Amino acid sequence: MRFYYFEMVGTAVFAITGVLAVTRRGLDVFGALVLGIVTALGGGTVRDLIIGAPPFWISDFNYVSAASAGALAAFWIGSLFRDAYRGLLYLDALGAALFAITAANKVLSLNLSAPVAVTMGILTGIGGGLIRDVLAGRPTLLMSREIYATPILMGCVAFVLLYGATPPVPYAAAIGFTIIFGVRALAIYRHLEMPAWLTHRDRSDGDR
Amino acid sequence: MRFYYFEMVGTAVFAITGVLAVTRRGLDVFGALVLGIVTALGGGTVRDLIIGAPPFWISDFNYVSAASAGALAAFWIGSLFRDAYRGLLYLDALGAALFAITAANKVLSLNLSAPVAVTMGILTGIGGGLIRDVLAGRPTLLMSREIYATPILMGCVAFVLLYGATPPVPYAAAIGFTIIFGVRALAIYRHLEMPAWLTHRDRSDGDR
Amino acid sequence: MRFYYFEMVGTAVFAITGVLAVTRRGLDVFGALVLGIVTALGGGTVRDLIIGAPPFWISDFNYVSAASAGALAAFWIGSLFRDAYRGLLYLDALGAALFAITAANKVLSLNLSAPVAVTMGILTGIGGGLIRDVLAGRPTLLMSREIYATPILMGCVAFVLLYGATPPVPYAAAIGFTIIFGVRALAIYRHLEMPAWLTHRDRSDGDR
């Protein structure tokens, strides 16, 4: 169950959004390349190290090439993308959904437990962005109220619950994928944030 | 030589202190969950990757559950813990002592060398907190004068020196554990800091 | 093809430059030790995890000892080094060249592909410094215009192109090494920066 060409597009889009997220700060072409590659491949690499598999891009360098192409495109013609930034957010949501479900499926196919599959799905979906933000000196996703990881959690839980149940695996994957993309797209479209009661704020809210 | 229930309590406490350390900044429930899990399990995960063992929580998800419970408790009823924060620091010291000695013992039982065991003991004790601080955008332990890693270093050195010597391993472990907890508890109780002659300060001390 | 004593000197120099880069901020002796070790050994450790080899310092603790000696020397008698800081930059360039080519050679000798070898050469050369900057709360190399990674990229590409070609491997290594050191030394000597057209700056340049 691999969606090779989708994965390549998703990898390139992850790299593009990764670079666009930081080019407003000073950044040279090499830094852009590294940040784009890290955003696109970082989460899956950590996942593979943890589950004891060789990193997925070691035996197929097309992933690195796709990420490099996306990063360079964002660096050179980023202003074009910037006008279409909200469109890219939807593509990014597609990529996150694809990678999270692929990761959960990979973990389950190695006979690891369902909770590990959910954990690795989330890690693959958000890990690359976390590493990028740390390397770029930006506040990470974890410190914001953006609704990014919650849809991934929901979709991965649905997928592992359905996996091995009545519907065949591709159907389970499609359902998990749809949940992730649907909830995330709704959050982008409606500018949703985590509700206040699910967020701690400093009493002196102005200090950030 | 495993202290299963102690380990679960230690894991939950690590997650609690991890979340309490950052909730003063804006943080939603998902971010709290990730930071709590990372604080509790991050150091041991890096240790296992380095020594080539499968991460300890892959085959026993109770560790992740304990960390999640601690993180959610700290998020929802954190104000209760905050009143008992100094009490938690002592529990945290117990957890650090337990994890460091367990790590050193795990490394020695794999027939790796004593210096590697000390290194991995320290990494397990402080690694999770370092990753949390980086993800949360806080200055790390390394940039402060808190006496946290030094007791771990002392206790692990004592443990590896005694390991395989006259006293049986559990006694060596108890001695190492007592050193770590004792020195750390003293530092908490007396508000000790690293002495000035062991600290570099900028000439213009005011700039931080 | 190992240059054992050069590697030890290179390791110590990496640790020295790593500590000197942060001692202007508050730092105690333990923090200096960790940052020095991480700078010297971090890149190679990540490389080994990714290619599935045991971290190189696990079976030979001399690397950690050399890094510790360098870190402590920089902490205690750092003012001596500071006067010779530009001299150290050249030594650091030698170390980066040595480690990058050694890494690329290690990857190729495991029959992994040439692009992976280049990627791992760069990672080994810059990875330790990236981790140090993140732990120390400094802007990373990626956000600066320093010419550090580009020579490594050039030298590693030259090495993998020549590897297995007409000249024997040691010659290919010497050529790659010379390119890295030569370009980097030129950049240090002439205070070169990445040219403006290879750098994105915020329109409001003053905000950093």
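A, B and C label the chains in the order they appear, each numbered from 1.
Here, a residue touches a chain if its C-beta (ideal position, glycine included) is under 8 Å from a C-beta of that chain, and two chains touch if they have at least 3 such contacts.
Please read all numbers here as calculations on a predicted model, not as lab measurements.
S.K.: Can we say the copies chain A and chain B touch using the same residue numbers, with more than half in common, or are the two sides different?
M.R.: different
S.K.: Chain B and chain C share one sequence, so how far apart are they rotationally when you fit their Cα atoms? Give it in degrees, rounded to a multiple of 5.
M.R.: 120
S.K.: Could you work out how far the Cα centre of chain A sits from that of chain B, in whole Å?
M.R.: 29
S.K.: If you look at chain B, which of its residues touch at least two other chains?
M.R.: In chain B, 49, 134 touch at least two other chains.
S.K.: Contact residues on chain C for chain B in the complex?
M.R.: Residue list for chain C touching chain B: 23-32, 34-35, 45, 49, 54-55, 58, 61, 64, 75, 78, 134-137.
S.K.: If you look only at chain B, which of its residues touch chain C in the complex?
M.R.: Answer in residue numbers: 49-52, 112-113, 115-116, 119, 130, 134, 139-145, 149-150, 153, 194, 198-202, 208.
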